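Have a look at this one before I ask anything.
Letters A, B, C, D and E mark the chains in the order given here, with residues in each chain numbered from 1 onward.
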Amino acid sequence: MSEFGLVALLVGALGLIAIGIAGLVLARNLFRLVLALAVAEAGANLLLVLAGFRQGASAPIIEGGSTLHQVAMVDPIPQAMVLTAIVIGVGVQALALALAVRAREAYGSLDMDQLRARMEADIIAAAGTAPTTSQEAPSGARPLPPPLPSPARIAAEEPSS
Amino acid sequence: MSFAGILIELTLMPLVAFTIGLFMVLMMRKIAAKIQRRVGPPLLQPLYDIIKLYSKQTQTSHGLLHDIGIVMAVGGYIAAETMVPVPGMHGIADKAGLLTLAYVTMIPSLGLALGVGQCANPNGSIGISRALTAMLAYDVPFVIIIFGTAWFYGSNNLVEVVAAQQAGGIATWGVMQMPILAIAGLFSLYAMLGKQPFEIYVAPAEIATGPMVEMGGKFLGGLFVMQCFQLFTASAIYVSLFLGGGENWPFFIAKLFFIIAIPMSLAFLFPRYRTEDVLAAVWRWPVILGLAGVWLVMH
Amino acid sequence: MIALTVALPLLAAFLLPLLPALARQFLGPLVLLAVAAFGLCLAGNALDAPSVVAIGDFRPPLGIVFYADGVAGLFVFAIAVVTLLLWPCATPNGQPDPQITRKHSLTLLMAAASCALALSGDLFNIYVFYELAAVAGYGLAAGSRTPAAQVATFRFTLLGSLGSLLALIGITLIYFRAGSLNLAHLAELAPSTLHDPLGLAGFLLILLGFGVKSELFLVNSWAPEVYATAESRVSALLAGLISKLALLAVVRLLVLVFPVPEASQLLLVLGMLGILTGELAAYRARDFRRLLAWSSIGQLGAAFVAFAIPGPAGLMAGIAVALHHLMVKPALFLLAERWGGNLAQLAGAARNSPIAAALFVLFALSLIGVPPLPGFWAKYLLLSGLAGEPAGLWWLAGLVVLTTTVVEAVYLFRIIGTLYGHQQGSVMQSRTATTGSGIFALLLVGTALSAPLLAAPLQKMATQLADTDGYVAQVISATITAPQRSGTAP
Amino acid sequence: MLTRYGSLLFATGFAFLLFSLFIALPMGEPPTLAGQAILNEAANSVGAANIVTSVVLAYRGIDTLGELSILFAAATAVGLVLGGQARAPRPSKEDGAGGFILQTGVDLLFPLLLVVGFYIILHGHLTPGGGFQGGVVLAAALVLPVLARPEESPSPAALAWVEGLAGAAFIATGLAALAYDHAFLTPLLGAGQLGDLFSAGTLPLLYLAVGLKVGAELAKLLLRLAEEGPAA
Amino acid sequence: MTTPLDLLLFTAAATVAGAFALGRWRDIAWLTGAFYIAQLIQLTGLDLPSASHAGFTLFGQLVGWQMDGFGRFFAIITVGAAAAATAYMGGEWGERYRQAGHSLVWLHGALAINVLAMLLLLAGNDLIALFIGWELTSWASFLLMAQGGERALRAALRYVPYAMGAAMAVLGGIVLTHAFTGTLQFTELAQRVPQLENWQLALMVTLFGVGFSIKMGLLPFHLWQAPAYAEAAGAGTSFLGAISARMGLFALALLLVKFVSLTRLADLEFVSGLFDARDLIAWVAAFTIVLPTFTALKQNDARYLLAWHGIGQGGYMLLGIVIGDATGSAGGLLHVFNYATYQAALVLSVFAVLHRTGTADLNSLGGLVTRMPLTFLVMLMGIIGLAGLPPMNGFVSKWLVYRSLMIEGRPLLFLMTVIGTLGTILSVYKLIHNTFLGQLRLEHEGIREAPWSMTIPMLVLVGIGFVTGVAPGLPLQWVNDAQAALGLPVLPHTLGGVESSQGGLDMLWVVGVLFAGFGIGALLFYGVGNRSKRIHQLDNYAGGHFLSADVRYHYSDHFYAGLMHRIGPLYRGSFTRLEEAVASANDTLAALMQAWYRQRVPMLTLLVAATAGLGWMVLQ
């Protein structure tokens, strides 16, 4: 394969990664998020295969029962790693899909922002605390005692130098 | 000095102090009369006043503490004047020192304050509150002066302070060596005596003589006695610090009377200060002068 | 024996759904007990010399090795014990949980993966078992089956997967550059090949990837969501155990392959920010679980800072901090299981549950670092390690640790004040939680009392962990002792 | 808006930085230290003609074990998330069933897929392919009929048995090596003659276990997801 | 083989165990009291220095305990204060406390823990042992502060950030010290620390100094102390007030005098030749005298008033020690002892009043002298001591401090100390006036004297204060041991005080003459003139007022109106505002951090971080 072809593959792999990551960051639909993840993983896997590629080498399978192999072979380790990585990806994506399914069932939406808001509300409701919005007052009991009747308030007054 | 010698001195000194104090009271009243174009009281009038008060029929006490207050007021000053050396007698001046003296002179005020407090008269309490504030005021320059002199003479012992001043005649008197401190001290002494314009704590028209409001008969008599000792002690301290102490009795007495005469001559020139004005008056110039004096002394 | 610590829990996890009900209940704990015993043996043996096993009898640069030094043995033991204590409860709310077998399976898988993380000497193998732990963790986190948990887990899964992706890219980079995955081999190759921007970029990507699980700052925003929604025991496992193992993997890489200042400083800065953000965020928390989440972010930040210190001193401090957190945080999560979420509802809880309140006080004091509790020694080692470094960033980190401890004390004591206060709230009761955290408390006190005895082995472990040359020599010598595979087997 | 362009910028920047790193590497001539050593000796010591298989099952066998475990964990987790009992009503025969073409096609394809799947699995050590690839084909074989006849899905219990036992078999094979004083997961039974079906020791057996496990696991996953009809 | 120190610590531990094990027993105070007395006896008989066998080596650090004269001096005060507090708790007061729903067991226990912790602190022989004692003391005093109701708990919680800040500053100091010197043993530190470079020394002194100052309540770290001490349960307040904060002084003195040495401290110059670290500390001490004292002046709650004075009095002690000559350091150290005697007595007397009347509000009391004369006597002697007037012991120690300032030529510091004393006099007069003098309130007509279980400990305390005032030579023995242990010059003394040609002090004579003066005064008063007649309290001269004689009017509120008119605007609450600013800054930061953890898309952060990191690596 030509030098150009290799670079093109590299660009392709990295492009897949970039597209996938951009998708992960920008998408709001759960299913698209999973897809974006799959795209990015494909890119990473391609990158891994590239790491084992040798110019002019054949696949690491010994043909014809000969233990002598004059032909150079590509590195088998990345190939094995890719195999593993793909399966891992499948498992994770399946799990993510299952979660998405359940989330849609429960909240009736696949929109991440809506789901997140519902989740926050649920967490707060489960804990029984007041909602934490940005306009909230400083949290409940602070180490400083609130203004007490006369003695303490006067105690706090200080002559300053 | 032998133990017995000290005891003899300790017996003699209050007597002398009391006598001199009586005459100081007389002098003050005479000066006041002169300024006001009056004749003034006769020679033994202060003594008569005391005798009169002690011999009154009605002596009302508001409780044990009322009595104890008078006892502490008189006793405190009696103890205090034994710590000031007079010609020929050192008392316990070398066992106590200036600092102790300064603090012992606060005991009578405390005693009086307790006694007045027991009387349960709000006017008395107000008066005490003012008196204590005034004490806070005039003690600040006073301790500055104590510090300056003690530093200058390298001693806290009044006997040594006096001896050092007498070593070279008038030239080595404190007032010559530390004139600024001496002026500050005079201010402080003035305020300490509680005469006009520093008598807001008495304020007869306003709080009915304040601390004295419930004092009658021998209670008031006791206070008169105390005043004699107070005048003597205060002036003796000043004389010992700045005017060379007592070389001999005539000179010593002359200096004492001179010192008391100064504030008395000025007393009627000013209107009475309010409490906060007392603080302002005493904390400004006397303190500035005092600190300047100390700075000069130390450099 | 080394491989058994991984193989047995895996086997048990596979077989668990097939077994009769009675056997299901006992298989997991039995296996974990066995693993704990193995861990103790490994740690004991390793104090003389670390042992190495080449999986499949292939010589190290080719095959995968498991390397059992003292730290690994200790962590295997800790994994087994902590997992046992946090074993999913079969009847969480009085009713039997129909999903319990699955949870047990996942827990066993997680334990196996954790053991492998502690032992593995191969970069990609670490990645695989990190993923196993992660997937098991996702499953368990969603196991409370509330919608909120599922959304939180989904977000966690995505973030974790992206992290893993980055880690994979990092591994690719390193493999591409060095041509090997074996840590010992990499350690030999590193000075000539990996100590350049490229190698460090690989390390950075791996750090960020594994950092997701170890609650590294920047990639830890999943923690408050997940811990607030998952079952407390799962949170305890994730915060107490998995985070430490991910951290340990990073540390192995750091010590063996990247002993360069840039890498350390990266850890230091991120750890420092982790402490700051975690502890400060916890200061305002009103929800017990999120408070614990933020607090554990802070504690792990401290561990990162500790491991950033070069040399055995830093490693010892890091191990101490990590082990201390391992004892305290799960126990606190168990208390959260008992007490529920709202901090305000804890008012006066000390009257209803005096023992639990007393345990909380004990753990809080240890977290703050009150001598003679172990937390103090951990903090002391950390700080004296930092003080031993030149002024600058290191001392700044020390300052951060000191000041955030004050913040930590304030929020923990605020809870203690609520617990022992005079108002009355309502809290739920659960006996098992107290028992579990009571055992942790006993461990804690035991550690405090036996601290002088434990110090020497700990020091030894840290030295072993820091000993790169020893590691390389040991692994390479495994080449010689291991019988070569050339068709000799029957 | 800012987030959007910023994200794109960062994603591009990330890729570009990675590019600048990778381009510095000897593209096409990697160092391949461990890989070359394996290429040199794998045929002799393991005996599989497919060297990738040697790596997957022998040199990095424990990776594969971990990988299987991940799949198992994912399947278990999906089970945990979606719940054990059927939650949504099964689609009725009328609207769920495939048409005639699908049903006939599936009937024809099913045996074929099974055969191909097992072929790929059993020749994994010789030719490209192996347990994973074959397992996927098996899973497809198991899932296809469901598309045609939703009511006739394979029994989940049977799948569970297959996946559990296959996983256990993999580990058991690994543990068997311990009995012969070898390390865990050491291939047994000798290398055999390179290129023969019965060569490479226990590797084909391992791949069989892998294939069955992957097949059962994937089938289970897909079925579980397919169980979800249009949610109420 | 146990050493005397082992035995002492064992006794202290046994006290803790006993207090908790037998806490429900009615007469537990007798037991713990006996244990405290036993500790006191052991302490006075301790050979100096006395080492303990307890100890261990951890991470290369030898941790051990050994008590020298300095530690023993503080230990005696500690155990004594605990004994007095226990006796006070033993009777009616404790019974009432229990009936009010509080736990007497915990109060006894907390007190015993405090004593044990403080003994451990005082006997520490290396920085780790010191820190262990330090932390234990901090949390033990937290425990003691928190006993006694919601307000006490709140005040104690306010103490937490301060205590923790102190602990962390100390810990930071310890690790730095170790990094600089390589040792944590006291003996080696004393040799090596002075050889450090200036910046190292400055860093060390700052860290340790801040830590120890917080515990001591030095400015600007003093805000926690008054509420925490004032709101605690009565006996606890007396113990806390008497000695607890002095642990900070102990450690500070150890640091400044023993390790760093005062001459070396003076090398740390801020403005070359003009102002050094030693001056700075002296000035901090001086401001600690003045500002809290004048804050005390404004208090309307007797407990707060005393607590604020406690902060102020600490300044005298530190000032004396920093001056560092024989006189000054003896004065500073002696003041610890003296202060403990009268502060404990004062607090107990205030709580006796509180016990009988149910209030410590200075505007709701008055005229109790006729009802509770013994308590009045205690308070009177107590305030004389606190104000530093003869004949009580407070005068002697303050005199020594003043004197050393005079000898050393520090006029401004001297002035500050005197202003502090004057302010104290004003403030304590208000205390006694508003409580015991003036008009009795109608609801207090039926008040009785406090029970003996309360008056006896108080009387014993003021008795000690009086005796040691007349014969300061008695405690000066211990002070001399302490000075020697610290490496300070030892003050030669007589039974009555100090002999010096430049003006000594002989309290035997001073007091003798004073009482002779009182005698003469009494003779003049009682011996001459008519016997006085007791009249009703309210039968007094209304001064032109239209009030009838039976209308009660007690001048108590805004007692020093004139003074406040002048200095009132100076009370700006700057420290409180500083504290609030720190707290709200922390709150804001915390909110920011929480916002960080509520990110919408966490992946974005990861991406940005990865990109930035890669960029850094690539560009490097």
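In this section, a residue touches a chain if its C-beta (ideal position, glycine included) is under 8 Å from a C-beta of that chain, and two chains touch if they have at least 3 such contacts.
Bear in mind the structure is a predicted one, so any value in this text is a computation, not a measurement.
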If a chain touches chain B and chain D alike, it appears here = E
Note = Via touching chains, chain A connects to chain E in a minimum step count of 1
Remark   = Per mean C-alpha coordinates, the chain lying farthest from chain B is D
Task = Specify the chain most distant from chain E by Cα centroid.
result = D
Remark   = Set C-D beside A-C; more C-beta pairs touch across C-D
Message = Measuring centre to centre with CA averages, how many angstrom lie between chain B and chain E?
response = 35
Key: Distance from chain D to chain A - Cα centre to Cα centre, in angstrom   = 23
Task = Please compute the C-alpha centroid of chain B, do the same for chain C, then give the distance between them in whole Å.
result = 79
Ask   = Using CA atom averages as chain centres, what separation in Å is found between chain C and chain E?
value = 45
Inquiry  = I need the residues of chain A touching at least two other chains; which ones are they?
reply    = 17, 21, 24-25, 47, 51, 77-78, 81, 84, 88, 91-92, 95, 99, 102, 112, 116, 132, 138-139, 141-143
Request  = Give the residues of chain E that touch two or more other chains, as numbers and ranges in rising order.
outcome  = 154, 157, 160-161, 567, 587, 591, 594, 598, 601, 603-604, 607, 610, 614, 618
Where chain C touches two or more other chains, by residue = 124, 128, 131, 135, 138-139, 142, 150, 155, 158, 162, 169, 176, 181, 197-198, 201, 283-285, 410, 413-414, 417
Chain-to-chain touches, reported pairwise for every pair that qualifies = A-C, A-D, A-E, B-E, C-D, C-E, D-E
Key: chain C-facing residues of chain E, complex   = 56-59, 128, 131-132, 135-136, 139, 142, 146, 149-150, 153-154, 156-157, 160-161, 163-165, 168-169, 171-172, 174-176, 178-179, 586-587, 589-594, 596-599, 602-603, 605-607, 609-610, 613-614, 617-618, 620
Key: Contacting residues of chain A [partner chain E, same complex]   = 21, 24-25, 112-113, 116, 120, 132, 134, 138-139, 141-145, 148, 150-152, 154-161
Task = Write out the stretch or stretches of chain C touching chain A in their complex.
result = 124, 128, 131, 135, 138-139, 142, 146-148, 150-155, 157-158, 161-162, 164-165, 168-169, 172, 175-176, 181, 225, 228-229, 283-290, 340-345, 410, 413-414, 417-418
Message = Which residues of chain E touch chain D once you look at their complex with the stated criterion?
response = 601, 604, 607-608, 610-611, 614-615, 618
Note = Within their complex, chain B touches chain E through residues 10, 14, 53-63, 65, 67, 70-80, 82-83, 91-92, 94-100, 103-104, 106-107, 110, 113-114, 117-123, 125-126, 128-130, 132-133, 135-136, 139-140, 143-144, 147-148, 150-151, 154-158, 160, 200, 207-208, 213-214, 217-219, 221-222, 225, 274-276, 278-280, 291, 294, 298
